[in-house]
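Below are two complexes that have subunit A in common, paired first with subunit B and then with subunit C.
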Partner chain A sequence: MSSESRASSSGDEASEPYPNPIPKPPRINWPPSHWPRGYQEKRHVDEDDASLSWRKRKKHFFILSNSGKPIYSRHGDEHKLAGFSATLQAIISFVENGGDHVKLVRAGKHQVVFLVKGPIYLVCISCTEEPYESLRMQLELIYGQMLLILTKSVIRCFEKNPKFDMTPLLGGTDIVFSSLIHSFSWNPATFLHAVFCLAILMCKHKVISLNHLGHLNLSLQFACLDTYPMAFLYAYVHYLDADTYLMLLTTSSDAFYHLKDCRIRIEMVLLKSSVLSEIQRSMIDGGMRVEELPLDPLPLYFGSVRVFWSSHHQISSPRQQKRLYRAYQKLYASCMTEEMGPTKPSFEEMKTTFYYVGSPQDFELYAAFDPLADKALAIKTCNRVCQWVKDVENEIFLLGASPFSW
Partner chain B sequence: MARTGNKNIQAKLVLLGDMGTGKTSLVLRFVTGKFLEYQESTIGAAFFTQVLSLNEATIKFDIWDTAGQERYHSLAPMYYRGAAAAVVVYDITSMESFVRAKKWVQELQRQANPTLIMFLAGNKADLEEKRKVGFEEGEQYAKENGLVFLETSAKTAQNVNELFYEIAKKLAKASPSRPTGIKLHSRSQQNSRRMFCCS
Partner chain C sequence: MPNKKLRCAEEIMGLSSASTTASATPEGLQLCIFDLRRGQNEGQELDKILFFFPADLPFSAQFSVIGLSEGLITFTRIFSPETACEAIEAERHSHVFYEAEPDIWMVMVVEKSKEFEAIWRSDALRKVLKEVHYLFVMFHGSIRALLDKDPGGGLTRSHLYYFIMDYLGAFQKRSPFDGCCWDFLVGKKLLLPSFRDCLKERGTVQMLTVGREAAIEVQSLVRVLESCAGNIPCHSLILFQDLLVSTTLSPDDTVNLFAYAVLRLTPRALSSGVSSWSYLRKGATSHVSSSSIFARPGGVPEQFQGSDVNSPAGDNNYRVIRPLQQDKWSKGKDGFLVTDIWGAEASNLISATPTVLLHRTEERMYLCAHQHKSLTLIFLIPVSSVLIGDQGVSAVKQQVLENVSLKLLRVEEKLSKGWVGENAYHVSGYRYLLVDGDRNVSRASPAGKVTTLTKDSLLALSKLREEVDLEKSRAQSDNAGQEKELEVSIRAKNNAWVIARVTRGKELYMVLEKANETLLYASDAVEKFSNRYCNGAFSLN
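Take a look at the complex of A and B:
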C-alpha cells in the first residue's frame, strides 16, 4: 500500500460534518486501501510521558503487569514509560485495596478505561468520545490478541514470579497490536462484531473468507485456543495470490506434507473451477453497493448490514468515513448494552445525519440518511431493505454453520 | 531425462538464529533472488523448496525458515528434527545475536541429528560501519566447533548463493553413506526400473 494512504488513515483526528452528498461518487475499492495490510507505520518510539506530542495523542493503549512493569504501549517506548505504568498500577491497587474495582475515570475530555485480567492490567486513555462499552471491548480484544500470541501459560509465569518481564516474549508483535488498534476505528467487523465477506458469496453460495495478515508464504503456525486449553492447533497457510490464502488446520504436528498435498489438490480445483479468478475479480470490484439493492433512488447514503455487506460509496474522505464508523459504533453500544441484543429498531438524530439500526430478527441493518430526509420515508426504506434481505437470506447468510463443530 | 550417475538428494535444511538477523531475507534472496528492505517477522515458520544442480548431484532443498522470537523457541525441535543441514544465523552488527547463535549451536550439538551439517552465517556484512562482531571472532568460534563459516549479506547477495552451494556440496559428499541411497541399490533392478517408468 502506498505511504500516502497510510498517512491519511493515521491518528484519531476530529471529525467534520458531512459535506453535501456528491451526485456521482467514484467507485472505491473494498476494503479501502487505507486499511492496514499486515503492517502499519512505526510507532513513535522516541516519545515518553514527558513529550508534548505523546500527551496530545488521542488514544493510548497500555498493557502492564500487576507489579507495574510495562508490557506494551501503543505510543512511545515501553521502558521509558515505566514511571507512568507504575502510576496506573497504583491507581488500580489503591481502589482494589478498598475492596472495589476501577472501571472508568473521566478527566475532562479524557476517559481512562481499566480492565484487570488476573496479573495483567489493560488500560485505554482516550479522548475520542467512544462509548465506554466500545473501549472496554477493545481492551478485551487486545487481551485476546496477547493470549493468542503467548497462550495462557504466561499467567503461570506471573504466579511463579511477579517480577516476570514479558516484553521479550512479545518481541516483533508491535505490528500485530497496532494493526488491531487501527481496525478498532476502521474495520466495521471489529466494532459491529460482524464478518466482512465478498460479493462472491452472494453468487456462488460458498464460504470464502478473505483476510489480510501480511505475507506469510507457506508456513506452519501454531495457536493455543482458549476453548482447547491442553491442545495445540497447527495452521498451514498458503498464499494462492497476493491477497488470497488458504488455511488448513490440524492438531497433528507431523501433518505438514499431508496438508501440502491437500493444498495442491484444493488449489487445482479452485483454478479449474475458476473460483480463484472469481475471488480476484471480487476483490477488485469491492463489496456490494447500495445501488445494487432493489430500491428506487432514495436518500440512503450509507448502509451496512452486519455480517455480510457494507457499502460506503458516498463517503469520499477517510475522515468522514471514520466519523460514520464512530456513529455506528455508538449506536451499536447503545443498542447492545443489555445482553439481549437490540430489541427494536432505533432511530437517532445526531447533529446532522440520521442513523438507523434495525434488527428484524437475525441481522442488523445500519443506515445513514441525509439530515433533510423525511423520517417516515427513511424508515420505510429500511423496512424494504430488511424485507429484501429476508427474501434472499439463504443466499447471503450462512445459516446453521458452526466453525468449531469438530 | 535420466541422468546416469547423477544422484537426486532431498534434504531438509533449517535456519535458526535470533530475531531480525535476516534468516528469511537470506532464504528469499536464494529462492527468489529478491531482497525486501522491510521484511515482516516470520510467524511460526515458513517453508520453501529450491533445487540446486551440481555436477555430482541434484539437490532438492526443503528449507524451514524458523521464527527468531523467543516465544517460538519451544517449537524449534520440531523443525530441526531430521534435518540434514542447519544454518545458524547472526547479525554482525549485534553481539547479542552472536551470543544467541552460540546457544543455538550448543542446542543442535546436544539434541539434533549427529550427522547434521552445521553452517554459521554472519549476516548483514554490508553494514561494515556498524560491525560489532569481528570476522575473526566468528571464524574462530566456527573452527572450534567444526562449523563452516561465511559472512553473508542478503541485501547485496554477497555469499548467499555460495552458502547454499557449499551446503549442497557437503550434502552430496555425505550422501553415499545415507541409508536412502543404499536402499535404492538394494532393490531389484526390475523393481526400481518400473518405479522410474511410472513417475
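Take a look at the complex of A and C:
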C-alpha cells in the first residue's frame, strides 16, 4: 500500500505534505501484478445516478467528504456521482445545522443509513432488509478499512483543507472495499462482532481485512489500527501455507529481520507440534459438523461475543445461506440493543424456518429448524446443544483471548 | 432526471441558510401539511404550506422542516419511486411522513426525550396523522377537492387549522384537578402515543361481545331502523359505552364514525365534557410541550388566512365548521344529540344538521345520533334523499324515535345486564392486544391493567412492534396478496416474555410478566389464549 506512489499521482491538491511524522513505507507494486485482471476492476463503472440499473442496485455504499466530494462509491464512477454526493452532503449538513444528526431515512423497502466521522461522511442505501444496526456497523467497518489504508492523518488533511481530494489516495483499493462489502453478506463476523475460529485454536481468521488482499508473501505492511489510533504499526505477514498466515505487528520500522527470526521460530514450533497440519486438516474438514453433535441432524449455528463457531456451511445453496444469515442478523439486532440489554432467548417462526437464540450464560446460540419441526422438540434440542456447548466451551471458543496484548 | 436531482439538492441546500434559525424552534411537536404541487416558483414557497403547528414558528423554521421533507421525498424517489420517504430518524428527533393524498404530505416531527419517556413507534404516530386526515375528509371532503374549489388555498388553510387544532386539543394533558380547577392547567402538554401505548391500536374499532339473546335484539333493532326510512338506503351504528355493538357501514367508514363518536358523542364523551378519550386512548402517554396550542384562541393565524396567500378574492371570512370542537354536543330532551357546530339554524347554503361524507361511496349523509343511557345510536340518511332539508331530517328522526324507542330500551337493558364493567375483557395473567386488520377491529387488556406492567416490558413490546410494523410493510410492498406469517418471542430485561404473532391478517401482541419459566411455558400460554379467546387463530397446530 504505497501512499507515496499515490500521492505522487494525485495532482496539486493531494500533493499537500502528509502530516509528519509518517515513516516512508517501502515502495511496492500495488495492486500486485499476479492478481487476475478482472478481479481488480470495479464493477459497473459506466453507471451513475441517472442509470436505472444503478438505482436498482440492492446496496450502495458511499464515502464522501463534508464538502460533498465523492471519495468512494461501491457502484458507478465516483466522478460522475459528484451531484449525487452533493445531495447526500446537503441532507447531512442540513440536519446538522438544525442541531441534530441524521441517522436513518426509510422509504418503502429502502433504508438510507448515515454515519458521520468528523469530516468524513459514510452513507449506505440498501433494500436488503438488513437491520439498521447492521448497516451502521458495516459503515463503521468501511470507515475502519479506510483508516487502515490512509491512517488518521487524512482527517487532519481535511481539517486543514476541506477541498482535499482523497480519491487518488484510495486508487486501486476498490477491491479491498468490494471484498469487505461482499463479506457483509456471508461472514457473520461482521454482525456478531466476533472472529471465526477453527475448532483448533490457533488460527485466527480475521481481525483486519488485510487478509483479503490475497497472497502477499513476505511483505512488510504499513498499517494503522483503529483501536490504537495513535500508533503506526508495521505488519510482518508470512504465509505458512496456502491459507494460513502469520501476522506479526510492531511499532518499529526496522524490526524486519527480528520479526523474520521470530516467525521462523514460531513456524518451527507450529510444525513440530503438528499444529499446522491440524489447521490444514481442520480447514479441509470445514470445522465441526452437526453430525458430530449428540442430536438429530439439524442445521445449527453457534456464536459468542468476539469468537464464533458455526455450521452454516452445511446449507449448500448460497441463496439459502444468505437468507439464513440475514435472519440471524435480524435476530442479533433484535436482541442486542440498549433497551433489550444482553441477549435473551427468543424464538421466531417465519413461514419456512424456526430460529432460536439462546444465551444460557456467555455464549449465544442461533439455530434454524425445518418449518415442520415440533416446537417443543426444537426447544429441547437447543437446550441440549447449549448444555453440550457448555461442556466443550474451552475447546471450541477462544475464551479469554484478547486480540492484542501490548 | 438530472434536473430533478439538482432540484433535490437545491431544495435542501437552498434552504440551509434558513436552518440556522431552526435551533430556536420550540421543542416538542411540529406538524405540517404541504402540497408539492403548489409554490413551485421561487418566492412562492409559502404557498406550499397548508398547515403548520406551532403556527407561531418563524417562517424560516417552517421552511426548514418543509424543505428537508420535500428534499427527502424527491431524494428517496430516486431509489424507491413507489414509496417515497416514510420516516427520518435523527439523534434528537423523529420525522414521520404520510402522503395523505397524492402530493399532499403530512409530516410530524417529534422530539426524542428520555426524560419525558418520549419513545415513539413511528407507525403509531403515522396512525395519528391518518386518523386526523380521515376524520377531516369525513367532514370536509378531500384536501385536494377543497383546493380545487378555492385555488388561493385560504379556505383549505382555515379548515385545516381549526380541525387539526381541535383534534390536537384532544391530546392535551389535563390537570389532575380537572373539572374543578381549570386554572391549574399549568404547562400545557400534548399527549402522543408512546411506548406505553403499545397495547393499543389507533384506527381500529373496539367491539362489545354480546350474548345470543342480546344479539337477536340488536339485529331486530337494526332491521327496524332500516325500515324507518322506507326506501331510503340509510346506515346505522350502535355503541354501548365506548364499544361498538353493530354497524351497517363499510369497515373504513365504521372506523371513522366510531372514532368521532368516541371523541364527541358517547355518554363518556358528553359527560366528561373535557377529556373525551375512550379507554383506548386513556392511560399514561408521553408529553410534548404545546405552549402555543391555544396561543391564538381568536382565530386562524395570519398566514393561514385567505388574503395573505395569493388568494384572488382576498376573502378571509370563511365560515368554518368545526366538528371536533369540544363541549359542543349535548343530549336533548328527546334523547337526540344536538349541537350548534353546523349552525343554530339552517341557512340557505348550509344545513344545521351535521353531515358526513362516506369514504366508500363518497355520498354525503345526515348524521343523527340518539342516546339512551349507555346506548348510542347513530344513523345516517343520504342528503340527496331528503328533499326538504332539515325539516325532512326532523321528520325522519321523529319517525325513528317512534319506531325504535321500545326496542332501544330493551337492548339497553339487555346489554347493561351483561356488562361487567371496564375490566370486561381482562384475561388474568395476560396483557394483550388483538388486532384484526381485515375488519379494523381490536381488543386489548383494559388500560388500568396495562399500567401494572413495568417499563421494561412495555419498551420491549414497543420495539418488537416496530419490527413487526417493518416486516408487515415489507410484505405489503413485496406482494399485496401474500400475508406475513410471523412469530417472535423475546425475553425482556425483566425476564418477562414479550410475544408477537401475526397470521392471516390478524395480530396478537402479548406480555407475560409472570411466565418467566421457559419459552415452552410462554408458548403454551399463548396457545391457550389463542384457543380460548381467538378461536384458535394463532394456534400453531
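One rule holds for everything that comes next: the second predicted complex is superposed on the first by the 327 of 406 C-alpha atoms of A that agree within 3 Å, B and C clash if a C-alpha of one lies under 4 Å from a C-alpha of the other, contacts with A are read in each partner's own complex, and residues count from 1 in each chain.
Methods note: a contact is a pair of C-beta atoms (placed from the backbone, for glycine too) under 8 Å apart; a residue touches a chain by one contact, two chains touch by 3 or more.
Since this is a predicted model, take the numbers as computed values, not measurements.
Asks: After lining up the shared chain so the two structures overlap, which partner does A:Val95 touch, if you call subunit B first and subunit C second: first, second, both or neither?
Replies: After superposing on A, A:Val95 lies in contact with subunit C but is clear of subunit B.
Asks: Which partner does A:Pro168 contact after superposing on A: first (subunit B), second (subunit C), both, neither?
Replies: first
Asks: In the superposed arrangement, which partner chain does A:Ser253 touch: subunit B (first), subunit C (second), both, or neither?
Replies: first
Asks: Is it subunit B or subunit C that touches the larger share of residues in subunit A?
Replies: So, of the two partners, C touches more residues of subunit A.
Asks: Please report the subunit A residues shared by its interface with subunit B and its interface with subunit C.
Replies: Looking at subunit A, the two contact sets are disjoint.
Asks: What residues of subunit A sit close enough to touch subunit B in their complex?
Replies: 38-39, 149-150, 168-173, 175, 214-222, 235, 253, 256
Asks: Within the complex, which stretch of subunit A touches subunit C?
Replies: Residues 49-50, 55, 83-84, 86-87, 90-91, 93-95, 97-110, 112, 125, 127, 129, 132, 330, 334-335, 337, 339-341, 344-351, 375-376, 379.
Asks: Could you list, by residue number, the parts of subunit C that touch subunit A in their complex?
Replies: That would be residues 1-2, 5-6, 8-9, 12-13, 15-16, 19-20, 22-23, 25, 64, 67-68, 71-72, 75-80, 82-93, 459-460, 463-464, 467, 473-474, 477-478, 485-493, 518-520, 523, 540 of subunit C.
Asks: Hey, which residues of subunit B end up touching subunit A in the complex?
Replies: Going by the criterion above, the answer is residues 19-20, 38, 40-48, 69-71, 75, 78.
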